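Here the structure is laid out as structure tokens; the discussion comes afterwards.
Letters A, B, C, D and E mark the chains in the order given here, with residues in each chain numbered from 1 onward.
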């Protein structure tokens, strides 16, 4: 139990530290990497809380996602290497205040609310995965399906905006828009 | 159809016919008046035995219009019809040169009809209606030559004076209906306890307006701007008489206090109007003042508790005054005006007219055996026996004295001197009208006995002898003084004031008219203020908006961070006194709101981080507020 | 055990705070998206902790975690789509340069 | 039985639809349709008149399900309070169409709008359903806004906007009150008959509802100090608009005061009666004095409306304050007859002022003089209307004001000070007559022909009815009295 | 399971329609993409009709088939069809035509998911689904304003959605369930309930463009194509408001949600109309007006649970709002985007003028138009729920709204010599349909209320 507490605290600190680092560096690539580490630390927290499946999933997904993000960084940021050391932020004081109050409020809720009895023992990993599958194909099937539709929508939407209209038009010998 | 409508209907139909056909005015009007005279005579004959005839007409719900022919009403109807008929005959001659005659004859007929309705009205609503209608008719007749500014003014003034005083009648009528529970006049006369003092005083107010009693006498003199037959009708048996008739009819209702007030008003008027008449420089105006003075005498009689005397004097006066006016009308045509400066020697130039005039004047002064002697005698007798004799009797006698004086003065001024006399067209008609009225003026005294018998009202014969003597003395003394002593000398220091109509501080116009206009202007100012109030509401909005706008883009943003700045902004709001001027009532509000809108719009900075900051702030505030409510429970 | 729950919740709360800071302070669309990712990470930590220590029998908690992960991925995907379109039209994805529409 | 009320109510709407349906009709056709429709509507109203009313409750009721789920239905019917107003609307609209028949500026839209207004006016008076009433009440606003904004004088946009904002702001509290009545009524319906028979609210709720209604109706009537929209709107409105606005739409306020405030929250009304009475007295006197100060003829007439409507308020308040049913009947008789008379007289006055303005392009009294000589027919018509307006016996206002004052004295003696108003109004009109109509005729820059046949046709019926109502008020009062004498509060 | 799917047939039909439109796009048959989309949506509407009166849930209470969700379909599917007809004008002949129709269908599906949400995850997914589709719809013209609008829209959406998800995690902690119905039995951790409530208000508030989460809306409406602005102002908004109604149905009242929503209502109405008052761009004006109109919906939501009129009033107003707002946008599509372009419109095109006046008056709430009936019921509901003051504020705002809408009406009838082109077939059809609906809903509200109110 203490071990669990230790690991949760340690990975939590790591997640927070990398999270802060995301906005402390002036290099975009480094920001993306910091976020990747932060998300991985979150995944590790899941593992420490005996939620293996989700933990692994988190680490894998975030690794992919952050890699893509890094590529975009390089594409779109003015100064991806952070060589100029320019500040990429604004309204800093308000944002710090907002961030602190947000965190403070959330902590207050966590501490003040009466969460009820704690369950000491977690189901084992195999059990968890099976139950999750049942949940997914039973009660939550419609949710699952909706998520799928959302993914489809995201694909259509992302392509629709990402591919310039005139490229398509040229290829299709169609009347150019506008 | 009862015979009660006979006096009313013919002139009414004649009026409508004339106004619609717009021709044959004299014929129709005369026919109407004559038929009315015949009708009222027949009516008088029917009710002479003392019974009454009643006719109900649909009126207001539960307040039907009623026409009631009692002996007194019928008698008055006869008087009205008589005067009306002969005045109309006179007018045929007098008005020969005028245009717009249908209007004249139509309104004259309507006037007669309204007066007959007033006389015969058996309920308060009808009485009030007739009362106001004669006001309208007099407005139209006085203003017959509406192109002349003085006629237009006089008409407006006459209507306004009488109408304002009519408010008294309105309220009195409401009180009487309220206390009797019915609008029938007879019923409220019979009701126990009569009317309250307040109601009585209100009736008096109404009568004062119509009968031109002090201090409401001013309009009557100015009303001379109308055609002379109109004045003749107005002063003798119609408009001005209405006030006295009202008091005579309601005398049984009046409490002793009210009666005294009536007598006092009458007494003051008879003296004041006598003084004014003595100082007048115009024949018609003199006659008008005399009218007020004579009605003052009638009010004395009513106040003394002997309405019969008042009635008798009313009847006598009706004949006399109409005759006087008709004669004046003749003079007017002969000399192109009625100022005494023009009328010098007219008596000798037109002796037949002057004879009529003089006879009537003597009758009015109260020289036996002319009609005025008997009626005035009755009035003085009444004053002597009344509880307020100490006040009323001297006033009545002074009035009589003054009557003699101004009449003698008039006779002297008409007789002496000289001027250019023009031939008068239509003189025959005028002469017929005049002499037909002089006759009753002379001889009506003979009829007083039967009338008294018929009406069955208390008279004041007890003190007869003393009254006769005193009255005669005053009349003769007055005549002598008037003939011998010029008016300025007679009146002494009062003369200039009397020339101004005894106006106190600018007259009633100044006392009532100016404040009314001041209030009106106040209301208009109030309108401006109201607009300004709406405007200020708008300014408030504007100020709020300015508070917001002064925080422009750059300042607004810190304002979200430091709420303390709101205080500063409030201070600025207070200081900013020089609001932009907006010329619009609610538009100022709109402008204010629009500025608020601009403020709202400024929040939409287009910079997403600032917008998000606002969202975050509001969310945080909401969260805290919800937490606080949670703690409270 | 309560300490572990609270440790996790506090971690989630701080991640949320850092995310909020990032979302509000960054001038670049991609950096703002990173802030959003951190907020969602905080939510994930909360959800897992709640599931583990309070309601291990209720698998809709785990389902929710999956949904949130989907959300993270999809938002990122479409976000990049929007970023590409914006970059093509304007040559930058700086928020400060996107202030034409206002009022 | 023919559904007369509905036919009368929707005839004008049908006429408007016909006009809009015709492709490019000539102006003559449009005006012809307008006049014929209005005449038919008047025939319908007269038929309703002949059918008459019962003593208690409503007569000629027609009912149709509308939104049964919330208890709203199409219900129309009349009683002695609304029937005279329906007749008045039908008459005034007919003469308004006659008067407007020379209009050449977008006649199609104008006539259609006016016909729509006629339906809403009759609908407001006949509606027996809360929602239906509100619907008609509001639509009339919109139509009037467009009439002022489209065909008014110089500053019309402003005036129209002000009118609209003011009265809409005013009418929304009524919506709240209607909702309150609806939620308070046991069977949750909008049937006004039920609301009248069993007032659904009591205590504080009733008082709030009453206050809301009073705000609405005070704006509409208009009562001081919420009257400031009236002169502006009147001055800028086209003549026909002024006539309809003053002749009919002001009655919405007083009608609502009786129908809603008095009948649906009688207890609260009685409690607040003195306050309402004071407002009425102030309105009447203030309107009279403000009129006295005017130099613009149209504004003058507008302010006299404030005065006359103030009398109506006094009458209604007197009816609420008295405990004696006969006094109450007198008060309400007077109030309702006053609405009817005011429609006739003020309608005529606005027509006449409009004619003067059409000729001389001015309304300032000071710029006229001797109009009686210049345009005798018009001038004498004005004199007649003016004397009617100042309450001369034999003309329409006298019986009404007589009854109102009588009842006021009976229930609250102090209120009789309001009678000063008739002297002030007399002064007002005498002053106006003196300045503009009497005296020496002036030279005018524009041709000043006397009334044309069209104008005569518009004014004469009103003047005839004014005299008829004044001489023999019983033809109207019989109908009114049948209801007011049976009224239970 | 079979029963559950049978109840979901309309949603499935919408999804298939989206796919069908996409396939037509791939076949380069944009015209038939429109046909497919419209037919599909109409079929889905028709399939919904038999569900009227159903009150049930599917998939373990996670999705509700009730009055709100059924009427959401009946209102939003036709509204989408109208928006599609408007979009046809914008996208005709471009390569994105089919994609746009498809995305419209998907976004509508998201709104329907929101309207029937019985589970917090549906709130998340519904918000995301509509969001993702509409980002693309706003951005597709690829112009500077469009992409700027899309970017702001995206940032606002992602931040608020993330905050909502974070807050919803506490609801799971408090109840151990993601079902909304389970919220009603929570009593242990009211703080957590409040945090969740605020989070939901943030997330759904952004979608429904409630103040202060509305900032994206005017920019997105102005920057994106007009048809999309029309769509955004109706479909996602109504979906989110219905979702809010679904959420508060189960929330314990002592969490203070009625007051919170009432305050939001006041802010939204007032701010919306104030800002609208100073706009010269009609699209922005209508954007702010639609923000304010969302505030009116909240009057009904405040009364959920305490007034039987609450849900019917929201539904009727949603239908009215959809009709009049789409109609107004359709007119803007033909007339032009600035107030100046409206000058003399009423005289040049009388029928268009009348239609616009009717739409605007209906938005104000003048009887007997649809907007009046809706607002009337909303006021009644809030008064019955003891929120009389809110009704008073709403009524005061109605006056303000009058000033806003008159700013369009007044110039329309000024005399200016101006040639206004007649509306094309598509927006003409939309105008006509919306016009008819504005009247019919006003006069025939009983069909919508039948059986729903005692």
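Note that contacts are C-beta pairs under 8 Å (C-beta built on N, C-alpha and C of every residue); 3 or more make two chains touch, one makes a residue touch a chain.
Worth saying up front: this structure is predicted, and the values here are computed from it rather than measured.
Provide the labels of all chains in contact with subunit A and in contact with subunit E.
B, C
Which pairing of chains accounts for the highest number of C-beta contacts?
Counting C-beta pairs in contact per chain pair, the top pair is A-C.
Greatest Cα-centroid separation from subunit B: which chain?
A
Whose Cα centre is nearest the centre of all Cα atoms in view?
Here the chain at the core of the arrangement is D.
Can you compute the centre-to-centre distance for subunit B and subunit D, using the mean CA position of each chain? Integer Å is fine.
31
Nearest whole angstrom, what separates the Cα centre of subunit A from the Cα centre of subunit C?
For subunit A versus subunit C, the centre distance works out to 6 Å.
Report, in whole Å, the distance between the mean C-alpha point of subunit D and the mean C-alpha point of subunit E.
Inter-chain centre distance comes to 42 Å.
Using mean C-alpha positions as chain centres, tell me how far subunit C is from subunit D in Å, no decimals.
Inter-chain centre distance comes to 65 Å.
Could you say which residues in subunit C touch two or more other chains, in rising order?
Each of 12, 16, 19-20, 23-25, 27, 29, 33, 35, 42, 51, 54-55, 60, 63, 67, 74, 78, 81-83, 85, 88, 93, 95-96, 98, 100-103 in subunit C touches at least two other chains.
So which stretches of subunit A touch two or more other chains?
90-91, 94-95, 98, 101-102, 105-106, 109, 115-116, 139-140, 143, 147, 150, 154, 157-158, 160-161, 164
At least two other chains touched by the same residue of subunit D: list those residues.
In subunit D, residues 161, 165 touch at least two other chains, as defined above.
Let me know each pair of chains that touch one another.
After working through each pair, the chains in contact turn out to be A-B, A-C, A-E, B-C, B-D, B-E, C-E, D-E.
So in the complex, which bits of subunit B are touching subunit E?
Touch residues, subunit B against subunit E: 590, 593-594, 596-601, 603-604, 606, 608, 611-612, 614-615, 618-619, 622-623, 625-627, 629-630, 633.
Which subunit A residues qualify as touching subunit E in the complex?
My answer: residues 105-106, 109, 112-116, 138-143, 146-147, 149-150, 152-154, 156-158, 160-161, 164-165, 168-169, 172, 174-175, 177.
What residues on subunit D touch subunit E, complex-wise?
65-70, 109, 131, 134-135, 138-139, 141-142, 146, 149-150, 157, 161, 164-165, 168-169, 172-173, 175-176, 179-180, 182-183
Across the complex, what residues on subunit A touch subunit B?
Touching subunit B from subunit A are residues 90-91, 93-95, 97-98, 101-102, 105.
Touching subunit B in the complex: which residues of subunit D?
Touching subunit B from subunit D are residues 158, 161-162, 165-166, 225, 228-229, 231-232, 286, 289-294, 326, 329-330, 333, 370, 372-373, 387, 390, 392-394, 398-399, 402-403, 405-406, 409-410, 416, 419-420, 422-424, 426-427, 430-431, 433-434, 437-441, 472-474, 477-478, 481, 485.
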